[in-house]
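Next come two complexes, and both contain chain A; in the first it sits with chain B, in the second with chain C.
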Partner chain A sequence: MGALGKPIILMVAMYAFLKFVLPNIPGSAPLPSSLIFLYLLLTAGGIFMFETVSGESKDAFWNPIQRFLTGENIGGLQALRYGVFILFPLLVGWQTYGSTAVSDLPPTESRTIHPAPPGEYTGLSNPVPKTPDNIMQGKGFYAAYCSPCHGGNFDGKGPAARGFIPAPANFADPTTIAMLQESYLFWRIKKGGVGLPIEGAPWKSAMPRWEVELPDEWIWKIILGEYDGAHQSPRTWE
Partner chain B sequence: MRVIQQGVSMVQRALRAVGSHGEWLAGLLLMAGWLALPSVGIAAEGTTAGPTEYRDIPYVGSRNLVWIVAQLHLLLAGFVLGVPMFAWLCEVIAWRGGEKRYDKLAKEFTKLLTSAYSTTALFGGILLFLLVAFYPKLMNYLTDVFFPSFLLYCLLFLLETATLYLYWYGWDAMQDGRKKTLHVFLGFLLNFFALFIMIIPNAWATFQSSPVVLADGTAFERAWAATWNPTWWPINIHRLIANVVLGGYICGAYAGVRYLSVRSPEEREHYDWMGYVGNFIGVFGLLALPFAGYWLMREIYQYNQQMGITLMGGFLSWLFILQAMLIGVLFLGSNYYFWLGITYRIPGSEGKYRRAMLMMLVSLLLCLAVWMTPHSLVASIEEAQKMGGAHHPLLGVLGVMSAKMTVSNLMILITFMSFVMYWRAGKQDTAGWAKLAKAVMGAVLVLASLAVIVLGVWGYFVPAIVRINYFSTSQVLIVIFVILTITPLTALLLKSAKTTTEMVWGSMPPRAGYSLVLNAIMVILLMTLMGYARSSSRVHWHVYGVMRDTSPYAYSPALGSASFIMAFCTFSFCLIVAFIFWVATMGDKSKAAPGPGKGELPHGIPAMAGGAPEEQSQR
Partner chain C sequence: MKPANRIMKRVLRDGTAAIAAMIIAGASLGYAQENVSVRATLLTGGVPVDDPGAAVWSSAPPATFPMSPQVHWQNRIQEVTVKDVIVRALHDGTQVAVLVEYTDPTQDPDDAAALEFMVGDKKAHFAHGQPMLQVEGGPVNIWFWKNKTGKALDMSAKGFGTLKPQEHQDVTAKGVYSNGTWKVVFARKLLTGHADEDVQITAGQFMSISFAVWDGRKDAVGELVEKGSQKAVSSWWYFRADAPPDYSGYMYAAIAAVLGLGFQFVLIRKLKKGQ
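Let's look at the complex of A and B:
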């Protein structure tokens, strides 16, 4: 079992790191099981590849497994072998039951965060000039209408943010509005959560439909203010 | 199912009506009628007033059938257009360098090509019939736009077929002197026509995604404008490279299967070497493929933001996580094959390179982990609550393009270095400047890797357009620079190097053959996946923004249903290829088998199987 020891220790260490160490790094959070499974799968694949890259390492890795499963005169391991033969199918059965049994928990989600906008909202450019006055006005509108949720620092941590799941978008994160064109923001602000298309299901967005309260010009100004305040730039093609 | 149930209940009602005496007769008649229901379904729309827009078939559905046939045709066509490129290159190497084994290899590649060619044409014909039958309105429109190119395509097909026949059947007859030059020229022509045979249908397909429609002008002007649409050349380049990759890996898989089945040492050596060449060709193309893919996606995004978001951020974005997984397995499989080659073909090298292999493997896995980490994670309600949404606060940054581009470039660098390691294994430098050259190569590699990472991280802090236009392009140029610097330097070093351990062909373990097969399956799955992505990005349009899909199938299938069809296409393609290769090698087996009757067969082996002229000169 000597050559098997290292891979087993490595798998356990990787699991412990993903489950207990990584979530406790400042600014981090627990990983979903889908991600832990993915990383463990890669680790197992890597171990398998490395251990079978030569004849000697393959024999050192595989022979103890083969001997344990099929060999004779393995002494005290015989009981363990039967244990594995009994427990393994039970484990598979338990896993199968767990994944198919009726549960009162809501299903795991793969929500589309950025569904494609309708055709009429693609390629629009901001009609409001990017002047200091307009940016200032936009920030003013933002403070009045958006900051309760999206936060005064544009970081998604407004006073009302804790009441929402999923949390309001963090505009200071370079992976949110910096990836989008201004026309996309215009569509999302104007139409809100109820305006999301079918592919955006489940429609878990509490974003109000601002077109009923704000004129288009104000929305465009808010967009200017958002990008400036969050220190981001919209996606452009020039 | 509803149709079946209606049919059955109809039969039952009728049987009750006719009573017990006429039961069997009525039953037979009604059963015959029930079985003929599909034809009623097919013809149903044709009897309505006005021109027919769509036809359908029950149970399978017109869209699914067209999808499967189109995908199989594309896969076969990719193989048929990819193989001549490297078959011809092998022939040129043999012609200029005098190494006969390359000529034999080129001939073996061409044998596979000849057998696959007719099947490709067959599926193309079936696809055309199905399209005309199921989508008459769309086909009318496309014919109206592209009529001149249809004629050109037919002409090219005739030329390609004639050239292929001359190339294959003239192989043995054109071996010497000027005849060989003519044969090599035929190989060039074959590739020339093949290129145009690929790019003309690409114009039809890309027009559907990014149409350019002229209201006025002659038929030729309209066809030309429609052909030169924004995604035509990105697709042409992407498919050209992908065809080489597909062809290389399938030839590798063929060699892998043959390697596992042959017994004689000579054949084991030959198929081991062929497997190596197939894997090398696949990797060679794979190194360039991500660049072409990135360019294509950039053009799509620029052409239409909606389509770009549907693909990269919308409901199709999950396909790119699957794509990362498949490409990752392909990179791992190709590297694994190189490493197996070092340890098994070059005895005694394992100890020297094991540490380097471990470092490369760990780096590849880390890169793959980043590539496969989605921006929006699959999470339960509790998990999402703990993360504060679908994005992980720490790992969420790995989910965007800057990270993906960085790791894909690093994986290309690692794979390239894996090949260089294989190339250098078993050789000792003798040149006086070897130490300096190795220091330069090491410095170039380290600095390039650092530069790729720095640009990747910096990419988070600059506007998207700067990242896309300058940083990503610079990363690609840096990788190309490394390849163009290290390749000639290594070649120069090895020119004067002393061989310390001779390479032993035919000594690879069975798992090497299996890894070649796995690589081929991965690349086929990858092509079926991307075929679905490209088609689905048009959503409910036949021709994006111009002709709407008004059939009952104007919806995008869920990813689960789509993956079922992709898996079915992959499985079917593997079966077809296995059958073609089996037929292609039938002649060899009969020739190899002893017996009085077999010796007289060579002239009578069916020509279509691609086995006829094989080895006649060698017997």
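Let's look at the complex of A and C:
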């Protein structure tokens, strides 16, 4: 079984590497099973090509497989052979059942968290100067209008937040306002949940459309207060 | 042959155990989704359309949904009495009943609750189908119950300020208050003849549902604290009426397994002959 042993070991090692080693490399993440399957398929294809490149290696590769399947002179492996014969049809049946069964899971939602803003809201700069006074005023407006959901600590954990999915944005999280420009915040605050484009579906955002209640100047001040309070800086074009 | 037989038995036993493990894992996955969707269990015989205390409700899995004050539109409030609703549903292929249960320390004439559904294929914002600025959304169908009237109102809306009772009233509701808990059952036929204003419930299909509750208590000067847009709301969740059991999956699996077995048989015969 020598010619067959190496490929089996290689496949198992490849699987173990993809499943357990790769996700632990810094900056990596667990691989989806479909990707692991694809990589294993490529590995198997490579092994197959390598083993069948010459007549001798082909025989050395195929003969043990044939011997195993026909059960000739395989001694103790006979039990494994029966096991394979029983499990293979069961596996085929199981796979078929899984692919035809009606899913119990609700439809998946592929919401774009930060959809592109309309053209008129790109690249606007904050017309309100970043002075301590303006920041303080912005924080006052924030406390009155935003903090019930986004939280007094700018962490998205306000008292009114609990029922809302998606949860109100946590501004202290570096993946929210820190990677957005001020003009983007201006758009989101002005238009709210109902201003989202189609990519923002399923439109569960409870964010108010503040343009009906607050003047633009207040919104720009709130943006100043928000960045200052959350200890973040807006993204800029360097 | 004896050892081979013993080994066969072992293989069979281990195989059965592995398959049982997969089935259990699959079943627990199915259970885990219940807090994002309401599952209307299929019954034979009538659903308890006017009995929130009926024993049969225990056969419907409960799902709990968190509530928030309505903040999307003015007038808003920042605090509400009801923090969660527990929802169960039953259907019999003709009628559907939805039981909403929540804690409320006092029974007041203005206590009220509502269900909201999207109507048709177009998506709608959960705040009364408030118009989206960049996309055209659809209307919503609201089933509203109030303690003091003791009945349901079947309503339509497409944005705040457009809520109105429908011409055809298809919904019934009954609320029972006991030990600080409201249990309100809403009922309707799965299908009505008015697909443009009523949600049409097709068994097996996921649809969107959301909830609203008003605590009808009054403040020190006798004003209602929660009224109109000042209420507890939920986001959109899923609702699905169970489809009748379908065993065709088992049949397809059995056919596939037999084909797999046949393939093995032919392959080995060919290999043996070839040698």
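By definition in this document, the second predicted complex is superposed on the first by the 132 of 238 C-alpha atoms of A that agree within 3 Å, B and C clash if a C-alpha of one lies under 4 Å from a C-alpha of the other, contacts with A are read in each partner's own complex, and residues count from 1 in each chain.
In this section, contacts are C-beta pairs under 8 Å (C-beta built on N, C-alpha and C of every residue); 3 or more make two chains touch, one makes a residue touch a chain.
As the structure is a prediction and not an experimental result, all values here were calculated from the model.
In the superposed pair of complexes, A:122 makes contact with chain B only, with no contact to chain C.
Contact with both chain B and chain C is seen for A:165 once the two complexes are overlaid on the shared chain.
Of the two partner chains placed around the shared chain by superposition, neither chain B nor chain C is touched by A:63. When both complexes are overlaid on chain A, the residue A:236 reaches chain B alone and has no touch with chain C. In the superposed pair of complexes, A:55 makes contact with chain B only, with no contact to chain C. In the overlay built on the shared chain, the residue A:106 is in contact with chain B and with chain C. Of the two partner chains placed around the shared chain by superposition, chain C is the only one that A:207 touches, whereas chain B remains out of contact. The intersection of chain A residues touching chain B with those touching chain C, taken from the two complexes, comprises 105-107, 118, 165. Residue ranges of chain C in contact with chain A, taken from their complex: 3-4, 7-8, 10-12, 15, 19, 22, 29-30, 33, 36-37, 65-69, 71-74, 76, 78-79, 83, 123-127, 130-135, 137, 204, 206, 208, 232-236, 238, 240, 243, 246, 248-250, 252-261, 264, 267-268, 271-272, 275. Interface of chain A with chain B (complex): residues 22, 25, 27-35, 38-39, 42-43, 45-46, 49-50, 52-56, 58, 105-119, 122-123, 165-167, 173-175, 178-179, 181, 183-184, 199, 233-238.
Touching chain A in their complex are the following residues of chain B: 302, 304-307, 309-310, 313-315, 317-318, 332, 336, 339-340, 343-344, 350, 354, 357-358, 361-362, 365, 368-369, 372-373, 375-381, 383-397, 399-401, 460-465, 509, 511, 545.
Residue ranges of chain A in contact with chain C, taken from their complex: 66, 69-70, 78-79, 82-83, 85-97, 100-102, 104-107, 118, 148-149, 159-165, 191-198, 201-204, 206-209, 213.
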